[in-house]
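These are the structures in question, set out in turn.
Shared between the two complexes below is chain A, which has chain B as its partner in the first and chain C in the second.
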Partner chain A sequence: MTLALRRKGRLYRSIAVMTFKQYLAYNLWFWVQLLGQILMMTVFVFFWRAVYAGRGTVGGLEQQQTITYILLAQMIAPLVQWGQILPMGDLVREGMIAIELTRPVDLQERFYIETLSSLGYSLLQQVLTVGLFARFVFHLQLPSDPAIWAAFGLTLLLGNAILFCFDWMFACLAFYSTEVWGLHVVREGTVMFFSGALVPLVMLPGWLQSVASWMPFSQALYTPVALLSGIIPAAQAPQVWLVQLAWLAALAVGSRVVFRLAVRKVTVQGG
Partner chain B sequence: MPTIELSHVSKVYRTIKKDSGLRGAVKALFRPHYVEKVAVHDLSFHVDAGEVVGYIGVNGAGKSTTIKMLTGILHPSGGSIRVLGRDPHRERVANAREIGVVFGQRTQLWWDLALRESLNLIANIYELEPARYRQLLAEFAQTLELEELLSVPIRSMSLGQKMRAELAATFLHQPRVVYLDEPTIGLDVMVKERIRAFIRDQNQRNGTTVMLTTHDLDDIEQLCQRVIIIDAGSVVYDGPLSTIKQRFGTFRSIAFETAHPLEIEHLILPLGTAIASHGERALEVRFDRTVTSASQVATALMPQIEAIDFSLAEPDLESIIKQIYAGTHTAALREEVLV
Partner chain C sequence: MRRYARLYWHFLLQRFKILLEYRMNFVIGAGSTVLLQAAGLLAVWSVMRQIPDLNGWTFDEILLVYGLITLSKSINHMFADNLWIFGRAYIRTGGFDRFLVRPINPLFHLLADRFCHDGIGNFVVGIALVLKASLALHIAWTPINIAYCLVAVVSGGVIFIALNLLTAVSAFWIIDSIPVTSAIFQTHEFAKYPLTIYSRGIGIVMTWLIPYGFASFYPAAHLLGRPIGVLAWLGPLIAVALITLAYRIWLWGLSHYSSTGS
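This part shows the complex of A and B:
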């Protein structure tokens, strides 16, 4: 039992390390992306300052709270932006799915470990670049209570797992049709809006808020960021986790079922 | 219990047929027109432990499709498959642990990683004991001449280097069954030899069952005691290599080189012979051993063409397979399989 665990640990570690190395291989892309992000962040800050001009609160939030939220949301946004549709589409279109399916590792499990690894990597990268920029240029203010940080961490992790399971179901559509680019575009737009990357969800009209709450996206961005920026009080964290666990349970089961069905449909492109 | 067992397996690919242009694309979206392609039809055979089987057939015969079903990637449309007692599709992950596979046109190694790192990762994926892994790595590095390649990323390897690396990766976890789909495609003779020697060695030492798909008949002659020939998705021959050779090696050929340009029209050919090919000063004649003999053919032709040299070709598998592929023997083979 412990031996099996140790082996699994070794496997997961090596998948994570590999993901990490592959990220490092794309250096140039990283700087371009960084520039874009800093630009976005600046635009957002000026936009919200203009909105708040002469007003105390907007949608129940004070200016400082909103700016903190938006800065954090922009840092987390790259972690929810991509999803699994394109990588899976590539695997299927290029026929590499054949290789992946002959490995004695569950494909979904492997994708999850990779997602987790890139979560860690992106987070580190975001904090060290955009994070420092936000701190020194826009005076990003963060809580000092380690309990809030821990709650944030756990919420982010759960939210990431929820989003992963959701994305996995759509990624499985690549087994049915290799033309998944359109699907990816729709997903990206929907996720960017309903995850709360652009606007704190509490500011939305009631009906839109309830639409957002019936989608899993906010769990991966809005909820953790709202916790960290104080929009959701720390005392509510346990409730938040309960909701997240419910989402996770439902989507984990759903994604397994969809995967099992989709694998039957695999056709491998090319010799 | 056979190691690999297929009974009445079929595979139908269903694809959406699109007319060209935007109009076609839109039409396909709303009213898709499916075309079905039967790649494998009523395929049955079994392979016992430790056998090395050559699985051959023309392009599009259904070889790769069969291999993909055997590895559990593809779900057969009909019939049943058992590999080591399991349904490879339903128990794909468990099956994967015990098999190895090479798809000649793809790599299972990580493009950007050095070979050593890729192999480390594979050792972890297959949960190899570290000590055993080190031992095998040293062994493979030697037999496949990989020492210098261990620090090279896959993307900067030549085709031959890549394939050697690929084989090391495939056999690293000591699989009981290995499928090789065109492992020697595009390689030079030296590399082919090395790869064959490696496969033979693994088979003899570990009793690995090997199914080999190839268009290179030297591969077959050197590795396989048994061949399965498929055509249009069904078996047309399954048996020892020697039988095909005996039975269908009735045609042999003699090649002549002549002193003067040939005048083909004026040649008088003896009974049971036909011109296989000719050039300005070269002539190849194919004859039926049951009707005539090499010396009779030579005697009849030499005076007519002023030959300065001639050679008799051994009946090689290639020409036999060519005849089978051309359909000359398909009917005869079918009968034999049925009898």
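This part shows the complex of A and C:
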């Protein structure tokens, strides 16, 4: 009797310890990622303060504007970082793509809804964590005019849809190559720079600015953040939306066509 | 010692045989780190071309700091990358138990088990940056300077490895040590730029607590002839002290290790 009880006790204890460790692991990840973001934010703020030391404007921007821009850009950066090629690569490699394609739901629409929902979640999480840190430690200054916030919201939404359409085309490369990790890294490096996550794009030399303007990435980060930090005046918002709608129309059509062509190439591996 | 050198060579040969089976992976792995570095450097260049100096440091001087830490980091990346996945790939799977029954040092076995080719990209970038900076800054490559640079980079690499080893020991208890390791590792971002741009507190932490400063800023300052006193020479001492401490703690963790079973 006591022996059986003791055995149960040992069993339960090891289960409890395992569960505890599992939760600890997930929580640790959350805190470490948060720490990493705060760290990068700190590096950036000190870097830019040193850039502005004893100088009024750099590249046409004042210190306050640039710091606000950088803090916001660091908050938005995780939203543009990932793309669709890794999940698509998984679907192709595991052969799940065959099942996904037979479902009575359009695959691209499904991925878009998922992206939209994760945009909402990530935004909330970013505001409540690094956002509060930026506000109270680095005195992030935000506009009080609700019109600017509305313009920012719409621009962010449109920019996110544009980036999604680009990423959908890019993810189609998973049908041709199994080397998706390398492709992901190439995308990440390009997007981080040309979306304006590291430097406000207006500070780049002319030729780099024109390269950036021929890529869709700035629509998802630079444009909304520049609106919110006052680099782009709110009065220009309608023009911004026209440009964004043009991008969106072109990439939406493009992404449908590319997917339809690429999906013919699909070879379901295994099984 | 000689036996271990021979063993490492054998491990390395086997590893390269595997890597050459997948040539494309090899190229992409080594190339991808270069691309991420390029994005960061392009950003720094775009800003620095607008201003003469950053806290008294020119663009080329910052490249020297950046290049030195990239080199130190690449040593850790090439030779000690397994410390990252120690918990996930060796403790959780029980694979670490194999090492314990073999007649070689388990830590040596762990490190030698996987030479990481992704680090080669960083190594090449680091060399290129240091060379570019030294040419632009007219740093004479006298034998003394070359020796100083070699010792500084190796010390920096050892500091990286020691900090990753210290944090990897947590895997003996919590299995997946990657979050703990990356919490400390991430702070090397501070040491990519001259430490003088930060507040005093950050400078002290990066010098005495998490001494990545000795992998970049202090050797660069010395090579550029800036007066930093004894700090120019402390790097190797700190590296040896830190790796000794880390190894002691590793042994202590090892003695508390009970396999995950199954």
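Operating definition for what follows: the second predicted complex is superposed on the first by the 242 of 271 C-alpha atoms of A that agree within 3 Å, B and C clash if a C-alpha of one lies under 4 Å from a C-alpha of the other, contacts with A are read in each partner's own complex, and residues count from 1 in each chain.
The criterion applied here is as follows: contacts are C-beta pairs under 8 Å (C-beta built on N, C-alpha and C of every residue); 3 or more make two chains touch, one makes a residue touch a chain.
Keep in mind it's a predicted model, so treat the numbers as computed, not measured.
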| item | value |
| --- | --- |
| Touching partner for A:257 - first (chain B), second (chain C), both, neither | neither |
| Touched partner set for A:49, first chain B, second chain C, both or neither | second |
| Partner chain(s) touched by A:192 [first = chain B, second = chain C, both, neither] | second |
| Touching partner for A:11 - first (chain B), second (chain C), both, neither | first |
| Touched chain A residues, chain B compared with chain C | C |
| Which of chain B and chain C A:39 touches, first, second, both or neither | second |
| First (chain B), second (chain C), both or neither touched by A:21 | both |
| Which superposed partner A:124 touches (first chain B, second chain C, both, neither) | neither |
| First (chain B), second (chain C), both or neither touched by A:147 | neither |
| Overlap of chain C and chain B interfaces on chain A (superposed complexes) | 21, 25 |
| Chain B to chain A touching residues, read off their complex | 13, 15, 64, 68, 71-75, 89, 92-94, 96-97, 99, 101, 103-108, 110, 112-113, 117, 120-121, 124-127, 181-182 |
| Touching residues on chain C, where the partner in the complex is chain A | 24-25, 28-29, 31-32, 35-36, 38-40, 42-43, 46-47, 49-51, 54-55, 174-176, 179-180, 182-183, 186-187, 189-190, 192-193, 197-199, 202 |
| Of chain A, residues touching chain B in the complex | 7, 10-11, 13-15, 18, 21-22, 25, 95-99, 101-106, 263-268, 270-271 |
| Interfacial residue positions of chain A with respect to chain C in the complex | 21, 24-25, 28-29, 31-32, 35-36, 39-40, 42-43, 46-47, 49-51, 53, 55, 58-59, 179, 181-182, 185-186, 188-190, 192-193, 198-199, 203-205, 208 |
